[in-house]
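The structures considered in this document are given below.
Presented sequentially are two complexes of subunit A, the first with subunit B as partner and the second with subunit C.
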Partner chain A sequence: MSVGTRKLSLRSVLMSIPTVVWALLLMIIFFARSTPAFFTLSNALNLFRQGSILMTLCMGVIVVSISGGIELSVGAVMTLAGMVMAWTLVNWQVPIPVAMLLALVVGAICGFLNGIFVSKMGIPSFIATLGTQGMTIGLSLVINNGYVIWGLPEALDRIGNGMLFGIPIPIWISILAFISSFVLLEFTPFGTYVYAIGGNEDALKLAGKPTWWYKILVYAYAGLMSGLAAIIITSRNMAAQPTVGLGMEFEAFSAVVLGGCFVPGRGTVIGTVLGVLFILVLRNGLNVMGIPTYYQLAIIGVVLISAIIMSILVERRLHG
Partner chain B sequence: MNTGERKPILQMKGISKAFPGVQALDSVDFDLYPGEVHVLVGENGAGKSTLMKILAGAYDRDAGEIIIDGEVQTRWGPAISRAKGMAMVYQEFTLVPYRSVMENIFLGQEKLRGGIFLDRAAMHKEAYALLESLGVPVDTHTPVIELSVAQQQMVEIAKALSLDARILVLDEPTSALTVRECEQLFDTIRRLKQRGVGIIYISHRLEEISVIGDRVTVLRDGRLIGTRQVADVTADEIVKMMVGREIKEMFPRHYCEPGEVALRVEGLCTRDKLRDVTFEVRYGEIVGLFGLVGAGRTETARAIFGLDPYTAGTIELMGKRVHHIDPPKAVDMGIGLLPENRKRDGLFPILPLKDNIVMAGLRKLFPSGILSPRKERQKAKEYVEKLRVQPPDLERQVRYFSGGNQQKIVIGKWLAMGPKVLIFDEPTRGIDVGAKAEVHAFMDQLANEGNAILMISSELPEIMGMSDRIYVMYDGAIVAEFPRGATAEEIIRYAMGVKS
Partner chain C sequence: MRIKSLLLQFSRVLALILLSIGITALNPNFLKTTNLINVVRQASPQIIMAVGMTVVLLTAGIDLSVGSVMTLAGVIAGYFLTQTELPWVVGLLAGLATGVLSGLVSGLMVAKVKLPSPIATYGMLWIGKGLSFAIMGASPFFGFCDAFRYMGRGILLGIPVPIWIMAFVVAMVFLFLQYTTLGRSIYAVGANPSAARASGIRVDRTLLCAYMLSGLLAALAGEILCARLNAVDQDIGDPFLLPAIASPVMGGTSMAGGEGGVGGTVIGSLIMVVLANGMNLLGISSLWQQFVIGLVVVLAVWFDVAMQRRRE
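Let's look at the complex of A and B:
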């Protein structure tokens, strides 16, 4: 019995290393060899600084994905939170910390609404979050008649483009998001319930837990992370642009799936970080190689589908 | 077992429960002593699960008392039931597949450190101790999906016990276990008895009663037939108590001389269920396939229809060997399957009656690929009249029809394709008596028109009343074949795996 158990554990260890790790390594080697500019410190810093937004968003999306939902509104919610933040800074001259808090609140409220649609009204998450996406994009455009909001206070620049201990502050924020999601999922009962909702919701219901409430919290948390990302992007650009989050859902979703979360109840924060790195390296590498943005989207799509096919094949081999 | 001097932990007195059209329980008494295994047996629909659901607080009772430790309980519900030490291990497991054994055992009652964080170390330790005390030292870090079915069941039991259960209900716990795994389960049950846990054990397998039970209670048609000490009763007596009911004139089978062999299955095996299944069905014949839950009847039907792959064996249709089969091919070759779960597998609930009837036969009906609504209605009307679907409203959504009429619609849907071999999986489950008789009459007519019918059923009267021949399955294999007129005792003995 014990031998059998150990063998199975080895399998699970193998299985828990997502294909994305190997793909990531291969890709880094490929870009490093083909383009000298790729493997430089400045490029690496640039990559992480740009990636901090996607990373922060994904730290929310992964929680929704594990619970079995699909979150398609994070980019749009981030945009709205950024617009509200900038608008209040410029028009009401609110203090920067208040504006930042406002961004978080707007994000969390949007997420909470998603949660109510999904959990209380039984709307499929795909549809609910798509609806929220539409609503928030619309609101973002309404706020300043579709124009970019400029003229943010100088001090904000220190957050978006400043450094702390030699590392850009946006990277620190994304690390904060990472720690938050990691601790939440790995070390708290809430995390266990998120996995249980994705894996077998009835099990949690029979254990006497209010699953509906946890589901709402899951989406609210994702919204909060969108608010956090809004702080980064607004302070980095020193402007709020009503279309800035377009397409971010696609990248976030891809990163989470590449990171091994394509079955409800599975997936990890670490895997998601790897998935994000994969997307970032791929985009950055293609940029450095001079491949146009339009092609990049198509390439990410192809990579996404191939990665899932690979994972399914590996799974079949291991379980077959 | 000396129960006389102890006090029962649980008494249920005069429990009654009615559902629309059925008296599911009629003044049933049941009690349980600490350290006892009380086996509950009865045919499907006898009221076992209703009784247990009332105990678990999932259903409200219409009448009767629940008494715990001598105290009459005035309020009762899921939470109170749990608090009083009731734990139930369901037939379908309630585990979270990709999470660890420990997380599953403690789901919803995690131990915390500092009020916020999971105390994994403590929980692993306790979970391991719990499993070890059950005689199954499993690594508590393993995701439950990697455990065997028996181990998963142990996790379920451990989960129940972590709540300090004093009354443990095991619903058909061995239906998915191998012989050796059963032994392991019985060991665990013996340990629990020593701890004073009272166990209600629901089983269809008679041979288990003498191995593990102390007392046995038989229910039939919602009534208590009797409670006996296991030591004082034979398997035959239990069977008699379970079956002893007269078969009414519900089964209008008019025997006719069977024709050629329509379907012949030889040595059929699947990866995890069927073992060497061999049988044949002739034109003009109704062949009954009897067996208890988990015996492999539905799996047989699925394999023949090409829904599940088979690993060995041959299928012959009308004397020709079929090399590869999948559902579209099966339909082309004239096989029709009326699935057990007709709502999920057989009907489109929100589509109107007429669409449901013509759906599967569209290609046959309209070879050109272009539909004609007029012809569609005409065809649907034909079957609605033939089957006497009530109300005969072609536009009404199928979900609004009664269970009996839905079953008729499923039959109509398959008939519209003109099959020659029909597999009925539990044709009358959950439908009222009148509709039942109509469905039976219709099956009789179909057979006499020259169709071959394989009827899967776990209702013995139906099997005995409708079949020209009967095959009995047990544990994935066909263990007996009977002509019409076999006795219920004979059939049920084989179905329960009692070796004569």
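Let's look at the complex of A and C:
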């Protein structure tokens, strides 16, 4: 964020901090005071490890959202990638690295498909990804007749539940996803194009760039991230469920919006990380406080939706 | 232009007929009266929801919450039916009121807060899910009284009650859209909101009506389904969203708003239902149906988008 000749006042710095940071701080204080178990290192580590899946998914969704799209299929694509990975491991005994690569490839292909629907066929992104969601869930069900796939090789457990330098591997994977998206959006020409497509696609087209191709790549990248998330969840569970990803797209969507991306062309990876943290802290805090699961969904849903609406309204007030 | 749209509508009916002929050729059981009545009966909730979705689509919006409203209405009705001693009518009406209320909230978010309808109704979807889960918890409600179950299992003059209800809904909404001022305003608002506003139409009120109607019909469909199943479960309405979108779009109701109608939606719904029944009769695993429905949605919308582009 360039400051230029603008006077740096405390007020301008405070106003530039996204609202979600304040909300996050408030929430952390609230939970820390309600339950002592919340503010511990082991709980924090737990939080990040459980949240590594959502974080990875969001690293893909943010790129789509900046380009102006809505990605509703990330959960389902992750499920399918996980099913394919598990199926090949159990039935064809492929080496684990190959299965992991397969998960990435499946994710990328589904993303590619989304990209074609949106970019070449002109289908609105929310319908395209809704349709892909249905199709990938359908395929996930068909692969093993609706049953969970068990009996994955022991070595996989070392990835899902193992540590590296004292930090769980899933957290490392989500850090990898973060670095990937951060570098992509902030330091590569492609990143600039993504922002341009969100902000003013026609200008980019007039400049002679193949926006249709970039759009396809954007969705393919999100699919790749979904595949990466599939690796985490499959290795952690040591199983592949055809229903495991359901609902994650809502949290991913909320995290991205909370992180500051409510209009195309705006939004940052860091903001998204904060948005994900908001959701993770909310989820974790409610758990530690012992609130029964069936109230959690309602509370989380209401909180997220009000937060989204408020963010959008505040944004409109501030920037017109 | 009218000839063109009539031809298009005719081609959809033709597609339905050809599909039916094709299926019958592969499995003659399809044309048996019992099968056909069964098919239409099973499709009644879906058709009712598709009609509600049609109204919203006509305003150039979309209602992504219909699946979860369906579940929620069933949960609320189930709650009153099994957890209280109140007469069953209370449960019935409470469920319908839930649908209207959720439509009201969605409509307010779209009309007043000016949220894009996919986002507003997507939020409503999750509110509905959260409420369903909070009210019902992990144990589904079941065992409803016979009077309520008549809605799903009764037979009147040889025809199952759900079909009667569906026919009534289709007729009423058709008349509403064609012959009432509010109905015509729905078309106007979808086709060109600013022109509609300029000509004195209360756009906000029209939008609210559209979403409330969609919510009401989703609730009705949910109650019929639960009456038939004699139970309500958490995500009972989820599989109904995609067909509810595909049917009107395949039937000629454009996502751009302002064109289409109930007749086309019925044809679109029948095509989807016949397709599903055909797949069952041909022994294709029902697990494939999710895949097919997703594919159909994408193709139907693609066709709609392509047609709209041609116009420009």
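Criterion: the second predicted complex is superposed on the first by the 293 of 320 C-alpha atoms of A that agree within 3 Å, B and C clash if a C-alpha of one lies under 4 Å from a C-alpha of the other, contacts with A are read in each partner's own complex, and residues count from 1 in each chain.
Assume contacts are C-beta pairs under 8 Å (C-beta built on N, C-alpha and C of every residue); 3 or more make two chains touch, one makes a residue touch a chain.
Just so you know, these numbers come straight off a predicted model, no measurement behind them.
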Ask   = After superposition on the shared chain, which partner residues are touched by A:I312: those of subunit B (first), subunit C (second), both, or neither?
value = second
Query = A:T192 contacts which: subunit B (first), subunit C (second), both, neither?
reply = first
Request  = Tell me which partner A:V302 touches in the superposition: subunit B (first), subunit C (second), both or neither.
outcome  = second
Query = In the superposed arrangement, which partner chain does A:G265 touch: subunit B (first), subunit C (second), both, or neither?
reply = first
Inquiry  = By the touch definition at the top of the document, which applies to A:A207: first (subunit B), second (subunit C), both, or neither?
reply    = first
Message = A:P95 in the overlay: touching subunit B, subunit C, both, or neither? Say first, second, both or neither.
response = neither
Message = Can you tell me whether subunit B or subunit C touches more residues on subunit A?
response = C
Message = Give me the intersection of subunit A's contacts with subunit B and its contacts with subunit C, in residue numbers.
response = none
Ask   = For subunit C, which residues count as touching subunit A in their complex?
value = 64, 109, 113, 115, 118-119, 122-123, 126-127, 129-131, 133-134, 136-138, 241-242, 245, 255, 285, 287-295, 297-298, 301-302, 305-306, 309
Query = Across the complex, what residues on subunit B touch subunit A?
reply = 78-79, 82, 94-99, 103-104, 107-110, 112, 116-118, 137-139, 141-143, 146
Task = Would you mind writing out the residues of subunit A in touch with subunit C in their complex?
result = 70, 72, 117, 121-124, 126-128, 130-139, 141-142, 145-146, 250, 253, 292, 294-295, 297-302, 304-305, 308-309, 312-313
Query = So in the complex, which bits of subunit A are touching subunit B?
reply = 1, 5, 8-9, 11-12, 183, 187-189, 191-193, 195-196, 199-200, 202-204, 206-209, 263, 265-266
